[in-house]
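Supplied in structure tokens, the structure appears directly below.
In order of appearance the chains are A, B, C, D, E and F, and numbering begins at 1 in each one.
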Amino acid sequence: MSAFSNLLIPAVLFFALGFFARLIKSDLRFPPDLAKILSIYLLVSIGLHGGMELANANLGEALVAVIWALVLGLLLPVIGYALLIATRRVAPLDAAAIAAHYGSVSAGTFLTAIAFLGTQGVEYERYPLIMLAVMESPAIVVGLLLASWTRRRAVAGGSLRPADEGEPGNGGLGEILREAFTNGSVVLLVGSMLIGAIANPNALEALDPFTADIFMGMLCLFLLEMGLEAGRRFGDFRRVGLILGGFGVVMPLIGGVIGLLVGHFMLGFSVGGTTLVAVLGASASYIAVPPAMRLAIPEANPSLYLTLSLGVTFPFNVVFGIPIYHHLAVLLAGWT
Amino acid sequence: MHQLVPQKLVTVIASDVLEDRLIATVRNRGASGYTLVRARGAGSDGLQSGNLDADTNLMLKLILPPERVSGLLDDLEILNRKGYHLTVYVTDVLVMGHEKFERPMDI
Amino acid sequence: MHQLVPQKLVTVIASDVLEDRLIATVRNRGASGYTLVRARGAGSDGLQSGNLDADTNLMLKLILPPERVSGLLDDLEILNRKGYHLTVYVTDVLVMGHEKFERPMDI
Amino acid sequence: MSAFSNLLIPAVLFFALGFFARLIKSDLRFPPDLAKILSIYLLVSIGLHGGMELANANLGEALVAVIWALVLGLLLPVIGYALLIATRRVAPLDAAAIAAHYGSVSAGTFLTAIAFLGTQGVEYERYPLIMLAVMESPAIVVGLLLASWTRRRAVAGGSLRPADEGEPGNGGLGEILREAFTNGSVVLLVGSMLIGAIANPNALEALDPFTADIFMGMLCLFLLEMGLEAGRRFGDFRRVGLILGGFGVVMPLIGGVIGLLVGHFMLGFSVGGTTLVAVLGASASYIAVPPAMRLAIPEANPSLYLTLSLGVTFPFNVVFGIPIYHHLAVLLAGWT
Amino acid sequence: MHQLVPQKLVTVIASDVLEDRLIATVRNRGASGYTLVRARGAGSDGLQSGNLDADTNLMLKLILPPERVSGLLDDLEILNRKGYHLTVYVTDVLVMGHEKFERPMDI
Amino acid sequence: MSAFSNLLIPAVLFFALGFFARLIKSDLRFPPDLAKILSIYLLVSIGLHGGMELANANLGEALVAVIWALVLGLLLPVIGYALLIATRRVAPLDAAAIAAHYGSVSAGTFLTAIAFLGTQGVEYERYPLIMLAVMESPAIVVGLLLASWTRRRAVAGGSLRPADEGEPGNGGLGEILREAFTNGSVVLLVGSMLIGAIANPNALEALDPFTADIFMGMLCLFLLEMGLEAGRRFGDFRRVGLILGGFGVVMPLIGGVIGLLVGHFMLGFSVGGTTLVAVLGASASYIAVPPAMRLAIPEANPSLYLTLSLGVTFPFNVVFGIPIYHHLAVLLAGWT
């Protein structure tokens, strides 16, 4: 069945292998640095490619894509927050921290989608690569604003003593913006993109064997490790509870559909490009956002957002989400 | 012969996103230096598997003259009250060359 | 002002193939959490260079209320008797926020 | 001299460089994770290639190869155990743990043999790759059975109190099998092989630059580190004693000859394929088996089996064994 | 029931270029083993970021019978006097299976 | 402007990115092992290439290059030491340790220079690669001799008690030579070079995808990390003081000019080769020499030499030095 032919993509299979290894309680373990090394590699490679596309892009079109990326990054956390508060199962600061993850993106999911389109022979626009870089930070900012607002309401309501101004974790908007944009992964991705855009093109070509040829293999190793990590977190599912777990499946569907609409109607992308925008909307960050949340919303429980993002939404997107979004993009293209 | 002098060893276990903040605190309190070790673990903040940037712990080891411990603990309690998860314990140790631990770092 | 409460710090050094087993033990004994640090070394089991899966050590750090130490040590002695090489020592520490160490982990 | 032209293979030379660095007490050191990363890489790459061969293999022939791999994996530890007990220099549980290593295989040695055949321009069958994966676990099981049996005899003889049933390290057959087959390296190798067998072939081809092109370089780094490690262990040779050290040379020769006979007569392989089966028989595991033994036979001394496998047998095979087995395979082919 | 016996835990923090030298010292003083942990830090020798070969620290943990501590500290003081930067402290610990710490390493 | 077109080389841009990340206090951090892994990779790759060049080199010419490399390695630390003592701002043992760094070389700087020449389409001789390997150790020896001499003078002058002979850190010449030549990076570089020179050429070719194709990408990652590290050290600039900081800029200019003269007049190299010899003269070691100094001159302050070498001279060379030396080499070639 074509919809699940993504299960024949090596990257997805390696993810499944990692997940399965945890399931059977294998002692397979990655050295802790390997995941960090692979994610540095992936961010640099994506950044360079995004930058090279940017250098050749139609600037007007690129600008429109960037604006819609910002809209998605700012809008989705608000939707997520509202949904979470509506469940009445989660403290407001937890909701803010979780929501931020869904407005940002997962490079791993995005790359798996590209591998999926590749094996299906589907062409796609390059702008989503730029959107990926743009969407890393805004959701962090929204998350922190939601958290500030929550804290202020709690102080007003008397359930919290006023925060000591100027102390860490209570920074003003300037501090919030600074932290969101100096986030390690953001600097790496945006910096590499800039380098890809301005460096000497011949010299960049010499990087191709590193950033392009071995890329798929590195992605497979990364997804293997993420599978292990997701498997480890999946066990915490019961901790998170059914309703919150449900959010980890519903929210990507909502983000995916919004992404589909943006990709198709607002950006006029082909089926491939629309699928990728849907994936940007659907995916939740597990690299850039969690450290930012730990630092800036210490009151939120990290095992909640890591379990949801890495243990629920990531596997869902990789196995079911991507073919679903692609299928919907095909329908949408046929329908209009 | 060598002479051993009693000092306090303060150990702090926390998420490594707090590294810069903890080091700033340590400097402010006039420590002569500090030592960091990478750690993993679990606690009320869940599993810290050490594989992701957000779930690695660090272990900070700090030798301090007894009279400076209290001030440092005040700072750490402020972090605790803000919601950060810190595991803090103090041990009695005898140090060699105690004068070095009384000079604040100059970096 | 902060208040420091005496607790016990149990340190276990062992081959890291024992990780899952040690953590299960720790959970059973109601610890509030645990901390793991990667280590190398040497002892009666030879050199543990840290380069191979089978010759890396781990160092487990565990804060426990004094009354729970004995039970944990019983478990560790069973491992020792089976032939596993464990280095175990107990230190007196003063902890900040002692209540947290009395609540068992919920994961 | 052609028999030692393997000394001109970069992988072998890098092994020698590592060994030499320890000899001159150089402070050259690898970060501890690098060896683990390289071995993950090698297992994944071998697995994928094995799987792709499997997908194209004649299933009947593959089955015969798998059966003979099982036979080797089950038989060799028993021979090793008997030999070790006969030396009267080693406790029975140490003998069980050591023997298990010799029934399993060393991917590093196997890959060096492939590099050796490559530079000699010798063709070889692909089935040994599959046999390599099959042979990882059975010897672990045999080792654990030998240990159980030893322990039961000791209890019966009164020299050991009865083991507390159900406690770790005293698992029943089910537990033993589970541990042998959920061993991290086994899961990685067999899982990658499965992925290589079932994944979309075009998508797999995109992995080639990662799994094939840079493979030899990664192998060189791995052997460099193994050379350092072997050099470190070689110093413990005196600890192990001359007789036990002799076992580290004799046992691979026995395993190699049995492998030669299996490869030539039972499997009907060419000179190249026969050499590889000999190497499977001759080589001793230092990745998959040691952690399994530490966990399940804690009474055995790890420095004995690591010194023998990594400090004696591995260097012997890489430098002398491989050309010897190849030479014998040539003789055998000419003779029959 | 298990029996805990008092011993001394000596901790040495130093640049990891000293590894071989420290281990030789430890062997000479008849320790039964040693444990090494990788560390970073800062002190009077500046920042030890852990990223370069020359600016990584190590933390050596050594359990010794009390009567052997003094000899080891003498050796460490010689290193200190030569200009090496060593942070050394001694802690009282109770060990499980104390006999093992009295047997020198045979490697 | 052509002189700064090196700023469009990806490797230089990644260095700048790392430096910039520290400047804006980003939390971007590399796992500590990554730098070590990358430097192992770079040394092995350079070594293999150097060795392959050596195998094809005119031995007479190679010998002359090696001799001049020795001269540079022995001469430059003496000049550096004299200059530092003349500033009267630094203790004699600190001066000895710092000086040793400037007689040795930085592979990172050298490789950046090669990338620079590559983008400019400038041809270069291969001998500087061999000189790079030769220059690692001699400066260490000179540094240690300067330190011994300083210590002896201090003892004679009564400001130091006589060193306990035979104790670590006070080794005789034999011990000093042994430590200089068993230094990990030296063994790795020289060993790989030997392997490149003697290994089977076909087998070496199979390493190309690893040692050549992905080389530029690995170099970019390495320079990114070195940028982070330099940024971290640059903050210590004020600790080092203006005069000593000035040494970090003046000394590479002196070394560069001496290198230019050697390359042009003594070795008769083209503009490209002359630039590379200048870079060998100008660059300061931050991999091989610092650990040797920590061990053998413990009285010297490591933050002085690391700050100067990595925080001042390395950025200076990468950004300004290389184009300057190249420019001067062009002038020199036109002038004679």
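Keep this in mind: contacts are C-beta pairs under 8 Å (C-beta built on N, C-alpha and C of every residue); 3 or more make two chains touch, one makes a residue touch a chain.
Molecules present, by chain and UniProt name: A, D, F = Sodium-dependent bicarbonate transport family permease; B, C, E = Transcriptional regulator.
In this text the structure is predicted, and so the values were computed from the model without any measurement.
Chemist: Once the contact rule is applied, which chains count as partners of both subunit B (Transcriptional regulator) and subunit F?
Modeler: Common contact partners of subunit B (Transcriptional regulator) and subunit F, which must touch each of the two, are A, E.
Chemist: If every step must land on a chain the current one touches, say how few steps get you from subunit B (Transcriptional regulator) to subunit D.
Modeler: So the least number of steps between the two chains is 2.
Chemist: Averaging each chain's C-alpha atoms to get its centre, pick out the one most distant from subunit E (Transcriptional regulator).
Modeler: A
Chemist: Of the other chains, whose C-alpha centre is the longest way from the centre of subunit D?
Modeler: Using the mean of the C-alpha atoms as each chain's centre, the farthest one from subunit D is B.
Chemist: Quick check: how many Å separate the C-alpha centres of subunit A and subunit E (Transcriptional regulator)?
Modeler: A distance of 45 Å separates the two centres.
Chemist: So what's the Cα centroid distance for subunit D and subunit E (Transcriptional regulator), whole Å?
Modeler: 36
Chemist: Taking each chain's centre as its mean C-alpha position, how far apart are subunit C (Transcriptional regulator) and subunit D in Å?
Modeler: Whole-Å distance between the two chain centres: 34.
Chemist: If you average the CA atoms of subunit D and of subunit F, how far apart do the two points sit, in angstrom?
Modeler: Going by mean C-alpha positions, subunit D sits 41 Å from subunit F.
Chemist: Can you list every residue of subunit C (Transcriptional regulator) that touches 2 or more other chains, as numbers and ranges?
Modeler: Answer for subunit C (Transcriptional regulator), listing residues that touch two or more other chains: 17, 37-38, 40, 46-47, 50, 91-92, 106-107.
Chemist: Counting only residues that touch at least two other chains, what does the list for subunit F look like?
Modeler: Residues 25, 27, 30, 32-33, 36-37, 184-185, 209, 213-214, 236, 239, 291, 303.
Chemist: Under the stated contact criterion, what part of subunit C (Transcriptional regulator) meets subunit D in this complex?
Modeler: 15, 17-18, 21, 38, 40, 45-47, 49-56, 78-79, 82-85
Chemist: Show me the residue ranges of subunit C (Transcriptional regulator) that touch subunit B (Transcriptional regulator) in the complex, using the header's touch definition.
Modeler: Those in contact with subunit B (Transcriptional regulator) are residues 1-2, 4, 7, 9, 23, 32-38, 61, 63, 91-97, 100, 103, 105-107.
Chemist: Sort out for me which residues of subunit F touch subunit E (Transcriptional regulator) in the complex.
Modeler: That would be residues 30, 32, 35-36, 164, 167-170, 184-185, 225, 228-229, 232-233, 236, 239, 286-287, 290-291, 293-295, 297-303, 306-307, 310 of subunit F.
Chemist: Which positions of subunit C (Transcriptional regulator) touch subunit E (Transcriptional regulator) when the two form their complex?
Modeler: 11, 13, 37-44, 46-47, 50, 57, 59, 70, 73-74, 76-77, 80, 86-92
Chemist: State the interface residues of subunit D toward subunit F in the complex, per the touch definition above.
Modeler: Going through subunit D, the ones touching subunit F are 5, 8-10, 13-14, 17, 20-21, 24-34, 37, 115, 118-119, 209, 213-214, 216-218, 220-221, 224.
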